[in-house]
Structures are given as structure tokens and as C-alpha cells.
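What follows is a set of structures to go through.
Each of the next two complexes has chain A plus one more chain, namely chain B in the first and chain C in the second.
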Partner chain A sequence: MTDALAVERLSVAYRVGGRDRAVLRDVSFRVGRGEAYGLVGESGCGKSTVALTAVRYLPRAGRITAGRVTMDGEDVTALDSDQLRHLRAHTVSMVYQDPGKALNPTLRIGKQVAEIFTLAGASQAQAQERAAEMLRRVRISDPKRVMERYAHQLSGGMQQRVAIAMALAKNPALLILDEPTTGLDATVEAEVLDLIVQLRREFGTSILFISHNLAVVARMCDRVGVLYAGMLVEEGPTAELFNAPRHPYTVALLRCLPRAGEHKDHNRLDTIPGTLPAPGARITGCPFADRCALADDRCRRELPPLIDLGGRFARCHYHERAAFLPRQTPAEVRLPAARSDAAPVLEINRLNKTFHSGDHALRAVADVSLAIGAGETLGLVGESGSGKTTFARLVLGLLPPDQGGVVALDANPLPPLLEERAEDQVKALQIVFQNPDSALNRAHSVRRIIGRALSRLGGLSGDALKTRLIELIQSVRLSERHLAVKPRQLSGGLKQRVAIARAFAGAPRLVVCDEPTSALDVSVQAAILNLLADLQAERQVSYIFISHDLGVVRYLSDKIAVLYLGRIMELGSSERVFDGPHHPYTEALLSAVPRLEGKQPSRIRLEGEIPSASNPPSGCVFHTRCPRKLGAICEEKEPPFVEEEAGHSLRCHIPLAELAKLQGKAL
Partner chain B sequence: MSALDSAAEERSPLRELIAALGRSRTFLVGAAILLFWIFCALFGEFIVPYDPLADDIINSLLPPSAEHWFGTDQLGRDVFSRVIVGSRDILTVAPLATVLATVLGTTLGLITGYFRGLVDDIVSRIIEAFMAIPVVIVALLAIVALGPSTLTVITVIGLAFSPIIARTVRSAVLAERELDYVAAAKLRRENALYIMFGEILPNVLPPILVEATVRLGYAIFAVATLSFMGFGIQPPSPDWGLSVSTNYGMIGGGFWWTVLFDSLAIATLVVGVNLIADGVAGTLDD
Partner chain C sequence: MQLENPAIVAFILRRIALSLVTLVLLSLMVFFGGQVLPGNVGRAILGPFADEASVQALNQSLGLDRPYIVQYWDWISNFVQGDMGMSYAFRSPVAPFVLDALANSCKLALVAFLIVVPLGILGGIVAALNVNRPIDRIISLGGLSVTVLPEFVTGIVLILIFSIWLDWLPVTATWPEGAGLGTQLYHLILPSLPLFLVLFGYIARMARAGMVEALDSDYTRTAVLKGLSWPTVIRRHVLRNALLPTITVIATQTGYLIGGLVVVETLFRYQGIGSLIYTAARGKDFPMLEAGILTIGVVFALATLAADLAYTLLNPRIRLGAET
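Here is the complex of A and B:
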């Protein structure tokens, strides 16, 4: 039987500035019938280029320089444009990262889905019927209503379901999924992944699954290939590859991820020094040699072949030693932050924020009270729309809270707006934004960005400023040669270091970290997390750490607040909240996270979508989706926020002891 | 951290822009035309065969010949010499008016875009009202009130064009002010003036550059129109608009050369500047 997809010794180059730059080098793999094959690797390693080449969607500058791609037995590289159209119409489908861009904003969903069937020759009425049927198959419970809508009226998860329905409508031999869940919340991601698993069973479609998220690939795929600098460096069955990787790059990547039980107080994360070779760089030996602690002269001289290890392959001279790759960052924590139980740095009491637009009132933050001690990290988790970022902006004074709420620094209430706050108060609270491209002025040099912060917040000038500037950039592990450049000349990780340096310019008491690593690759993320932990230990600074990545939050946080529709549902120490017993919402969030190690806990499904904050459900706001709903009481009465045990508060009608029993936890 | 090493090859944005403009044929043709007229404005008087202002009544209204390439006008002045030197006044007045419009418009655009709210509402309504009246009418009224002089022409055209630039700048600023670097500046207690001019302005320069070049084309046209109507550049300047105005009555007599070459000169200058604007806009869009 022919393979759904066979890539043979494929090389692709992009022509940039009159020079061919190799982006794929001699890549070979195959996706069998009914198989799910995963391609992983960091950004810039060529994952998407593989997908684009397979359907011949390479941009004009791109060119296949060697090798071929066969799909369903047909040589894709040799097809003329009519045959290509036929291939794309019948044999292969693609689902991309952003479903909002994949759907036509001006057509109703029904028309878009039905179009596929009319193109295949069905009548209008038949097509409508089959479109509804297709939407039902992707578990859209009310297809008739969804078909009447436009793309922007659907949530991200719903849009991606529609995109998947459209991809499967022609029953393709191969489905290419390129980061299909990357922009989605963990709970929605879990739903979409579940759906893909089920549909694979029903349709028997072969899948090429591309993702930077190792855990997602581990969950979804039978076999996995690891790409590095446009080369396949390791390939094998999923479980074997992730449990006993045989290439140092795979080993190093896995070590960058914070594992359950790891915490900033106990160990630092391992990192991968250096950066990916630039596209088109001349590589003589092993592409990973410069960053590999096992590499020797042979590795730099001689490109290792893809060595057959019995059903799996590794492109490494020393594959048998890969597991013993020396750490690049020592695990020891130099000094854990000494947290005192003395007076908290920041106290927040009954903070509310209501946005008004016309007659609509949207309560983005509702009655939030909490305290953060010196050198402590508060992790803020919740789905998008839960009010995390609004809360951070209220604390910083970038937005005015509703009357009555208090934000107090060292027990002194702060004026609500930044402009009214004293210099010391403004200096004390700083932020590292999610997206450094937006947070760093692209017209300014690094020297100006950090220097200006030092002069405004540190009150420095002249030689004192110069000295402090050098100290500061060294403390975020940048060097002097970075000072002269503009942000766009730096990689994502370096940009985020500049943003961190700026936040620390005025010796802040508390820094809000708003998803600071979500735009970064895991190896870079690990280095940034280490840096944040080191700075905290050195300076006793407190963090409010916002992230949708629960593994990262757990690694860095001492306390966790779980937000839902602007309300704190659970607040407690990191161990308490993560280990449980926990609030049903926390339980659902945690069970949605795909895991690399151990068994996937039985999934708690969250039914339906997050309700609108402008019209929150009565009683407990979570009752519409709660898997452990008791009954009428949940719909009628808002549960009080109760400290169930020392330092662990929940907003739930179910007593903690009962939750412990339901969740199979010891109290 | 070898990312920087590969990044070091990258050139500064300005040099990159210049290099890209060098590859834009549209821009190069426009620049060649403009440079030709600038050269004429600066050095024309040294290379022309006749004194452009010298009357020679005996030789008036001669058709184009080997001696007088573009013929002579009714005072016997050499049309070729006048066309070459005639770019001087318009190439002073139009760019100065454009600079004035750009400075004023940028300031207004930054203020309305950054503060929004009531300031924006009030200023924007005034701008809209202003833009509803044709520029030439506004200019005529002002010149009649203030008396014709070069300074008046510059001021009036500068004022009349500033709302259009303000609108372009405002929309660019509206996008910029939402970026996090503005919040970061507030978090180090920068005042509004610094945020507008120190942080936002450098990032909205590209659209300002395009708009200013487009406006320069219109300014040339407006100055020529005003001169033609007698309210712009005043005699005895060999200005093109002025020359067309003095001589157009003679087209009926068959003395087409007294008007044609001046008109063509205006046309080439406007086309040249518009080609530059197209080239700059195209390069910045890529």
C-alpha cells in the first residue's frame, strides 16, 4: 500500500538578496496510511516549509533544490497546475494556526462549508444538508445556528472546529495540521485535540501534525520527527522518542521544559546555549555541534548520517551517549529567595473594574482581594477573558479601578491612576509585557531604551548612569555590544531581556510579568525563567506572573490565584492549588494540559464556552460549565470565598473534604 | 548569543530605505526630473543663452528657431531662458509651504491622536470643516485680505495643507498609542510631550514622509495656480504660472510657444514629484 505522504531527500532553498539560502536539507520521512506523524522543532527549523512544500504552496522565492514529495503515490513535484488543483481539491487538506484568518469573514459559515460540497457536484440543498452533517461530526451541537453566523461571531475553538470540518469535508487522504491549537486556551486546545483524535478514528485520515509543543505532539502522534536547522535529527515512535531520546537536541529540548515537581527554589532549568544557525548558513559538520556539550572535533568536521537504531533514527555520532548530555546550566539554585511572612509588599482589597459601552456594563474584575509578600511570586491563571491582564493594568495604575477598591503598597493605599502616584510608588511597580515587539520602541536603540529608564526611574545621569547601565545589562546576561542595536536586530529572547532590564532599572518592589515567555521557544523560555528566578533571589523582588502555561506558572510561583470571569475562584499556595484538592475549575484547567510524562489524567471536559462577562451566569459564575455542579444551589446562590484551610481559599459550594473525595486526593 | 553576529550584517533602516529607493525605477525617474529642475533653479542663470528678464522689443513673438529654441514672448524675451530660470521661485515657495504644512500637521495629528477625547473631537471637526472648502478659494480669500506676497502664499498653502497631513498622522498615532511601549513610558513618568515627540513620532515618520511628498506635488500645483491667477508669485519673476497667465491671451493669435513650454515645465515638475511620492510609498509598503 502506498504511503499517504513520502518525503524523499527533500532540500528547499529560499532566494534572499540574490543568494539561495537552504531551509530544508535532505529531509526524508513518510506518513503511512492512517498514521499520525508529528514534526517538532523550534521556530525557524523548517517545520512549516515542509508543509508548504508538500502542497506546493512555497512562496515565489522558495524552490525545491533536490528530492521529491509523493502524496498518495503521486509525485507532487512533477504536477502541472491543473493536476495540482486536483490534488489540493481531493487528496490533501490543511488546517492552519489562526482559524480566524482561514475562514472568509464575509461569508456565512454555512455557505463556506457547503461550497466544498457544491464544488464536488452536490446540489444546493444537498450541500446544505451535508454541511450541517459535517459540522455535527466535529461536535458542533447546533449546526443550523452556527451555519447562519459569520466567522467573527464564533469563538476561536469553534472557528477551528469549522476549519477542521471544512478540511475533512472532502475526506482527504492526508490532513496537514500546522500548529492547529497554538493560539487557543488550554481548555479549548484540549477539546480540539480530543476532537482530532476521535475524527481520526472515524475517518482513518493520515495526519501530518506540526507543532512546537512537544507535549501536544506526544499526545497526538504515532511517530515523531525532530527538525533542527532544516535537518531531520531524530525520528522514532512517539513513546520511545520522548522517553529515551537519542539525539542531544531532543534531550536538551525536553530538559528545558519545567516538569511537575520542579520549582525555582529547588533547581534551575537546563538551557540550550547559543542560537539556531541562520537559514542558509554553511554547515559542515553536525548542525547542532556548536550548542552541544557532547560535541567534539569529529562532530564539527563530519555530518553524522541518520543512523538506524532499529525502527528509529538519530543523526548523531554519539547517539548512545545522548542521554548523558551534560547540563549546560547547573541545576543548583544559588540562593533561594528568602520570603518573610512579615507585612506584604502589595495588598489588594475588593478591586473591581467595570467597562461601560453604551448600555452594556462588563465587569472584567470582580471583588479581587489578595496580598503578595516580598520576594514572592503570585501566579495568575485562567482562560483568556478571565481578567488577568485587566487586573495587572489596575495594579499598575494604567487603568482606573471602580470606586472603593484599594491597592496598597507597604500598607499605603495608592492613588488609582499612575499620573497621581508619587515617584517612588511608580518606580515600585513595573511590568514585563508579553510581546517585546510592542513593548520596546522600535525606533530607539537598546542603550536609549534602558538608559532612559535608568535616568527617569533611577534618577541617574552622566558616568553614574553609564556604570549602572553596564551592570544592569550584565545582570540580564546581555553584553555591551547589544547596546547600540535596535530591538528588531535582536532575537525574541534577547528582546525580552531588554524588557526585563528596563523593568528593573528603578529597583522595583514588584514586577508584573504578563505572559513574558509565551512568544518564545522552549529553550529561550527556560533561560528567561532562570533569569527571572535569579533576579528575584538576588533582589527580593515580588512577581505577579501571568501565564496560560500551567507548567511554567507552577515552576515560578509561590502562590496561585485562579481567575474565572474576573473572580478569584481559588487562591492558595502553589502546592495546595496544583496538588489538590482544588476547585472544579482548577481541576478542569489542569486536566486540559497535555503531559509528556506519566499518564494523562482522565480529562474533565468543560462543556460550552466561557460566558460573556457582560452577562455572567447567576449564582456561581462557573455553574454553566462545572463538571461537579451540585444542582439548584449553584445556579441561585453565589458561593462565598472561604478559607477552607490555612492559606487556601475557594469559591465553591462543595466543601473541601467532599472535593478531596471526588478528586481522589488526600486532604 | 551569536544572534547579533548575523544581525550585524543587517543595515540600519535608513540605509536600507535608501538602498531600496535606489532600486525603485519610479523613484529614480522622479528624482532625475526634480534634480534637473533644482539644478536649473540654482545654476540656470549661468547657462542660459539670454538674460531671461531683458526686453528686446524688435525680436518679440518670434517662433522657435535655432537662435531662440522656444521662441520669444511679446517683450522679445527668450522663452527657453525664462523656462529654465522660472523654476526658482516655485521651488522655493512650494517646498517651504510643504514644510510648514508638515510641521503643523504632524503636531496637530500627534495631539489629536494621542489625547483623543474632547481635544480630538474639537480639532477634528475644525479640520473637517476646513477641508470641505477648496484650497484655492481659502488661499484667494487670505491673499486678498493680507495682500499678495511670497510669505503670504507660503503661509496660506502651508495652513491649508496641514489638516490633510494631520489626518494621516492622527490615524498612524491612534495605532501606535495602543502599543505597550507607550504604557512603558507612562510607567516611568514621562510627560505627554515626550511620549508624543520622543516615543511616537519616530515611528510614524514613514507615513509622514509619504504624505509630505504627495503634498509637495499639490503645493507646486497650487502655487502655479495662484500665480496664474495673479495672486501668487509677482512680476517680473519668470515664474511659469505667471508667464502662462501673461501670455495665454495670445494663444488665439497662434503664438502657442509663449504658453506651451511653461505649461510643460509645470507638468513635468508635478509628475516628477508624484513619481517620487509613488516610489517612496511603494518602497515603504514592501
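Here is the complex of A and C:
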């Protein structure tokens, strides 16, 4: 039987500045009938180019320079425009990141789904009927209503279901999924992945699954290929490849991810030095040689072939030694963090924030009280809309809280707004944003950005400033040569280091890190997490760390606050909250995260969508989705926030002992 | 058109209120500029050689000796009821002059509009579909270069070419009394051309930008990968999204097309509202001038309002709001 997709010795180049720059180099792989094949790699490795080549939707500058792509036995590269349209209409579908943009904003959903059926020759009425049927198959319970809507009126999860429904409507031989869950909440991601697993069973579709998220690919795919600098460097059955990688790049990539049990107090993450070769770079030997601790002269001279290791392949001369790749960053913690149990740095008492719009009142943060000690990290987790960012902005004084709430620094209540705070108080609380691009002034050099922060926040000038500037730059592992450049000349990771240096300029007591690594590749993320951990140990600074990546939060946090609709549902030490017994919401959040190692816990599905904060459910706000709901009491009475054991508080009617029993945990 | 978003109704009402405020402010400026600042109106009308008594008598008969606020209130409440005052120059009510001129201006605007909008949008679309190819360069650069030429330059050049040299079109825009629609149109083509040149580049540029963005969007990719034919993709998925901002721009330009044509109307001797205020200004006919300017203000306010409403109503994201 023919393969659903066969990529043979494919090379693709983009023409930039009159020169062809290679993006894919001699890539070969196949996706068998009914198989799910995963393609992983960091940004810039060429993953998406593979997908766009397969559907012949390369940008105008892109060109296939060698090789071919066969789909369902048909050479895609040789089709004329009519045949290509036929292929797209019948054989292949694609779903990509950001479903909100993938749907037409000015056409009703029904029309967008139905047009696939009219294209296939159905009448308007039939097409409507079949569109509704298709939406039902992607588990949309009220398809008629959804068809009347526009894309912006649906949640991200719903939008992606619609996109998947459109993709499967033609019952394609091959479904290409390019980062289909990136940017979605963990709970929504889990839902979408579940759906894809089920639909794959129903439709028997072959899948090419592209993602930067190794755990997601591990969960979804039968076989995996690892792309690096446009080359396939390793390929094999999923379990074998992730459990015993045979290419140093795969080994290194896996080591960058914080695993369960790893914590800033015990170890540092491994990193990958250097950067990915730029598109079009001349590569003579192994593309990874410059960053590989195993590399020798032979690696730099001679490109290794894809070596057959019996059902799996690795492009490495020393594949048998890959597992013994020396670490680039020692695991041991040089300077352990010294936390004192003395008075907390930041105390928050009964903090509320209500947004008013017309006669709607939206309670974004409700009755939050907590304390953060010196050198301690508080991790904030929760789905989007849970109030994490609003909370951070209240602490920083970017938003005024409702009357009565107190944010106290070293036991002194802070004025609610930044403008009213004393200079020392402003200095003490700093922030690092997700996107350093928008946080750093593009027109200024790094020297100016950090120098300005030092003079404004640190009150320094002249030689003192210069000395401090060098120290600061070195403490974020940048060198003096970075001082003269502008942010846009730096990679994402380096930019984030500049942003961190800026935040640390005034010797802050507490830094809010709002998704600081979400836009970064895992190898860069590991370095930034190490840096944050080191800085904390050196300076006793406290963090409020916001991230949707629970693995990252766990690595860096001492305490966790789980937020839902602006309320703290659970607050406790990192181990307690993660290991359980935990609040049913925490339980659901944790079970939604795909894992690389260990057994995937049985998924707890959250029914329905996160309710609107402007009209929260009565009683316990989580009762509408809670898998462990007791009954009427949950609907009628908001559970109190009770310290069930030392330093571990929950907002649930079920006693902790009972939760422990239900979740099979020891108390 | 269904309105599911209550915030939109509030927005529209607020927008209308804002237009009214703008008009009140404009009327105040016009009133003080036209009746207060010129100083002695009676003297201005009668000239330097009239004796003081007759100047005062005239001022009194015009009601100019009353407090300003009373004069303003009188003037504006009459204006709202359609009484725009008496022309000093013609000694007869201003309203018929203004309304006639407005009707003429609308005719010219309509002709220009019918020429420039389809061609401008088409030009933008063609340019966008051929991004960075020669045809795109010609349309974009050409459009831009003629946009920056003032109407009195292009107007004169066009008169030289089409009326004097080729003798295809009449020099003046004024048609003979009682002429039919065809003749009227025939006279309006030449004055529309400078307006076409001013607006074409502008509209084409907006349409091109919108098209380029829409063609590059993920939803267009979705549509193409569905296997739809290229014309269907353009028609169903690209155009509406691409042209939404352009429609707004066009609506805003209506104000200019109707009220901003002083130069063109004067050049082509056309009895529009532009040449009306020009004449009134030269003849110190303040009531006429004030009425003309205020009418143009109303036209501008209505055009801007229409632009906002069009954008709001055509964009489901705004019309329906987000699902909460």
C-alpha cells in the first residue's frame, strides 16, 4: 500500500537578498497509512516549511530545490494548479496554530464549514446538514447554534474544533497538524488532543504532527523525527526515541526540560550552548558539531549519514555515545538558596479587583491573601482568565485594587498606585514580561537601557554606574560586547536576559515574572530558568512566577497558588500542591499536562468552559466543572478557604482526608 | 442587520452626540468669525463713505446691536429650522442659494465618486494581486504621485488637454439651462478628473494594503487549502475583510468631495457650495458665508458618522461583540 506521505530527499530554500538560503536540507521520511508521525525541533529548524511544502503553500520566496513529496502516491511537486486544487480538496488537510486567525472573521462558522461540502457537489441544504453533522463529530453539542456564530464569538478550544471539523470534512488521506495546541490552555490542549486521538480512531486518518512540545508529540505519535537546521538528525519509534535518544541534540533537548523531582534547590537544568545555524548557513560537517560536547574533528569535517540502527536512525558518528553526552551546565547548585522564615517580604491581605463596564461588574481578583518570604518563589497557576496577570498588576501598582485590600512590603502597606509609591518602593518591585521585544526600547542600545535603569532605579552615575553595569551584565551571563547592540540584534533569549538585567538594576526585593520563558525555545528556556534560580540564590530576591507550563512552575517555585476565576483555590508548598492530595481543580489541571516520563495519569476531564468572571457560578465557583462535586452544598455555599494542614490551604467542601482517599494519595 | 451587542447602540448614540457637539462648536466659531470679528458689519456693507447714522440704522435693522448670545441663539435656532438668514448681497433669503449649491455639489461629488471608487478599489486589488511586480509599482507609485499634485495644477492641465487641445469636453462645468441628464453628466466629467486624481492613489493604497494583509492571512490559507478555486477564495474570503478599512476611508472622503471643492468649482465655474462660499467671502456676504460653512460642517459630520457606522455595522466583531 502506498504511504500517505513520502518526503524524499527534499531541499527547500528561501530567496532572501538575491541569494537562496537553504531551509530544508535533504530531508526524507514517510508517514504510513493510519500512522501518526511527529516532527519536532526548535523554532527555525524547518518544521513548518515541511508542512507548507507538502501542501504547496510556500511563500513566494520559497522554492523546492531538490527532491520530491508524494502524497497518496501522487507527486505533489509535479502538479499543475487544477490537480493541486483537487489534491487540496480531497487528499490533504491542515490545521495550524492560532485557530482564531485560521477562521474567516466575517463569515459565519456554518458557511465556512458548509462550503467544503458544496465544493464536493452537495446542495446548500445538504451542505448545511452535513456541516452540522461534522461539527457534532468534533463533539460540539449544539452545532446549529455554533454555525450561526462568527469565529470571535467562540472560545479558543471551540475554534480549534471547528478548524479540525473543516479539516476532516473531506475525509483526507493525510491530516497535517502544525502546532495545533500551542497557545491554548493546558486544559483546552488536553481536550483537543483527546479529540484528535478519538477522531484518528474513527477516521483512520494518517497524521503528520508538528510541534515544539516534545511531551505532546510523545503522547500523540507512533514515530518521531527530530529536525535540526533543516536536517533530520534522528528518527524512530516514539518510546524508543524519547527513552533512549541516540543523537546528542535529542539528548540535550530532553535534558533542558525540567522533570518532576527537579527543583532549583537541588539541581540546575542542562543547556545547549550557542545558537542554531542561520538559514542558508554553509554546513560542512555535522550541523550540531559546534554545540556538541562529543564533537571532534571528524564531526566538523564530515556530515554523518542517517545511520540505520535497526528500525531507527541517527545522524551521528558517535550515536552509541550519545547518552553519555557531557553536561554543558553542571547539575549541582553552587550556591544553595538561603530562605529565612523571618518576616515575609510581601504580604497581601484581602486583595480584590472589580472591573466595571456599564452595569457589568467583573471580579477579576477576589479576596486574595498570601505572603511571600525573602528568597522565595510563589508560582501562580490557572487557566487564562483566572486573574493571574491582574493579580500581578495589582501588586506592582499598575492597577488600583478595590477599597480595603492591602499590599505590604516589609510590613509597610504600599500606596495602591505606582505613582504614589516612594522611590524605594518602586525599586523594590520589578517585572519581567513574556515578550522582551515590547518591553525594551528598540531605539536604545543595551548599554543605554540598562544604564538608564541603573541611574533611575539604582541612583548611580559615573564610574560607579559603569562598574555596576558590567557586574550586572555579567550576572545575567551577557558579555561586554552585547552592550553596544540594540535589542533587535539579539536573539529572544539574550533579549530576555537584558530585560532581567533591567529588572535587577535597582536591587529589587521581589520580581514578577509573567510568562518569562513562554516565547522561548526549550534550550533557551533552560538557561533563563537557571539564571533566575542563580540570581535568587545570590540575592535573596523573591519571585512571583506566572506560567502556564506547570513543569517550569514546579522547578522554580517554593509555594504555589492555584487561581480559578480570581479566587485562590489552593495554596501550599510546591511539593504539597503538586504531589497531592490536592484541590479537584489542581488535580484536573495537573492531569491535563502531557508527560514525557512515567505513566500519564488517567485524564480528569473538565466539563464545559471556564465560566465568565462577570457572572460567576453560585456557591463554589468551580462546581460547574468539578469532577468531584458533592451535591447541593457546592452549588449553594462558597467553601471557606481553610488551612487544612500547616501551610496548605484549600477552598473545597471536601475535607483533605477525603480528597486524599479519592485521589489515592497518602496524607 | 441584527444588533446583538448593546454596547454598539450606546456607541452609536455617543457617536451621534459627539457629532452634535462638533457642530455646535463649529457654529460658534462660524458665528463669531462671521459676525463678531469683522467688527462693524453695517460699515463693512455700506463702505467707508456712508454716514454714521445710516450705518447704525442698518446695524439696528440687522439686529446687530443686541447681545452676542441673543444673536447667536437667534441665528442658530433659525438655521436649524431652515431659515439661514438674509443675504446681504442679494437681499433675499440665503437658504435657496445654499440648497441649490449643495445639490450641485452633490451631483459633482456623485460623478467623481462613481469614477474614483470602483477604479481606486480595482487598482488596489490589481496591485495587491501582483505585489512587487511592475503593474503594482505603476499603480502604487503613479497613484501616489498624482495624489500629491494640487487640484489647480491638474485641473488646468486637464482643461488644456481635453478642452483646448483635444476639444472633447467643455471648459466650464455649468450646463445650459434645462439641460438633460446626459448633458449634465457630460459637463461634469472634466471637473471630476482632478478629484479622481487626488483620491485614486489614496483609495488604491488603502485597498492594496487591506488586500495584501488579507491575502497573507491564515484564513486565506485555510480557504486555499480547502481546495476552493482562486476566484472563489478572493470573492468569498479575501475581499470583504480586505476592503472593510477602505470603505471607512471612502466614507470620510465624501465630506471632502462635497464640501472641499472650492478650487475645483471656482476653476470650472461650477455653482457648487465651494464656489458659493468663495463668492460670499469676497462679497462680505456674511450670512451666506456662515450658512455655507455650517452646511459643509454638517456634511462633514454626517460623512464621518456614516464612515463610523459603516465600519461598525460591516464588522461582525464589533457589531456582535464577544461572547460572554
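In the analysis below, the second predicted complex is superposed on the first by the 667 of 667 C-alpha atoms of A that agree within 3 Å, B and C clash if a C-alpha of one lies under 4 Å from a C-alpha of the other, contacts with A are read in each partner's own complex, and residues count from 1 in each chain.
As a convention for this text, a residue touches a chain if its C-beta (ideal position, glycine included) is under 8 Å from a C-beta of that chain, and two chains touch if they have at least 3 such contacts.
All figures in this text were calculated on a predicted structure; none of them were measured in a lab.
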Of the two partner chains, chain B (first) and chain C (second), which one does A:203 touch, if any: first, second, both, or neither?
-> neither
After lining up the shared chain so the two structures overlap, which partner does A:275 touch, if you call chain B first and chain C second: first, second, both or neither?
-> first
Would you sort A:440 into first (chain B), second (chain C), both or neither based on which partner it touches?
-> first
Return first, second, both or neither, reflecting whether A:457 touches chain B, chain C, both chains, or no partner chain.
-> first
First, second, both or neither for A:355, with chain B first and chain C second | neither
Answer with first, second, both or neither: which of chain B and chain C does A:641 touch in the superposed model?
-> neither
A:502 contacts which: chain B (first), chain C (second), both, neither?
-> first
A:479 contacts which: chain B (first), chain C (second), both, neither?
-> first
Intersected contact list for chain A, partners chain B and chain C none
Partner chain A, residues of chain B touching it in the complex = 1-4, 6-8, 10, 12-13, 179-181, 183-184, 186-190, 199, 202-203, 205
Residues on chain C engaged by chain A in the complex (per definition of touch) | 6-7, 10, 217-219, 221-229, 236-237, 240-241, 244, 314-317, 320, 322-324
Complex interface listing, chain A residues touching chain B = 274-275, 278, 281, 396, 398, 418-419, 423, 426, 429-431, 433, 435, 438-444, 452-453, 456-457, 478-479, 481-482, 485-486, 489-491, 494, 502, 505-506
Where on chain A is chain C touching in the complex?
-> 55, 57, 85-90, 92-94, 96, 98, 101-107, 115-116, 119, 149-150, 152-155, 163, 166, 170, 358, 612, 614-615
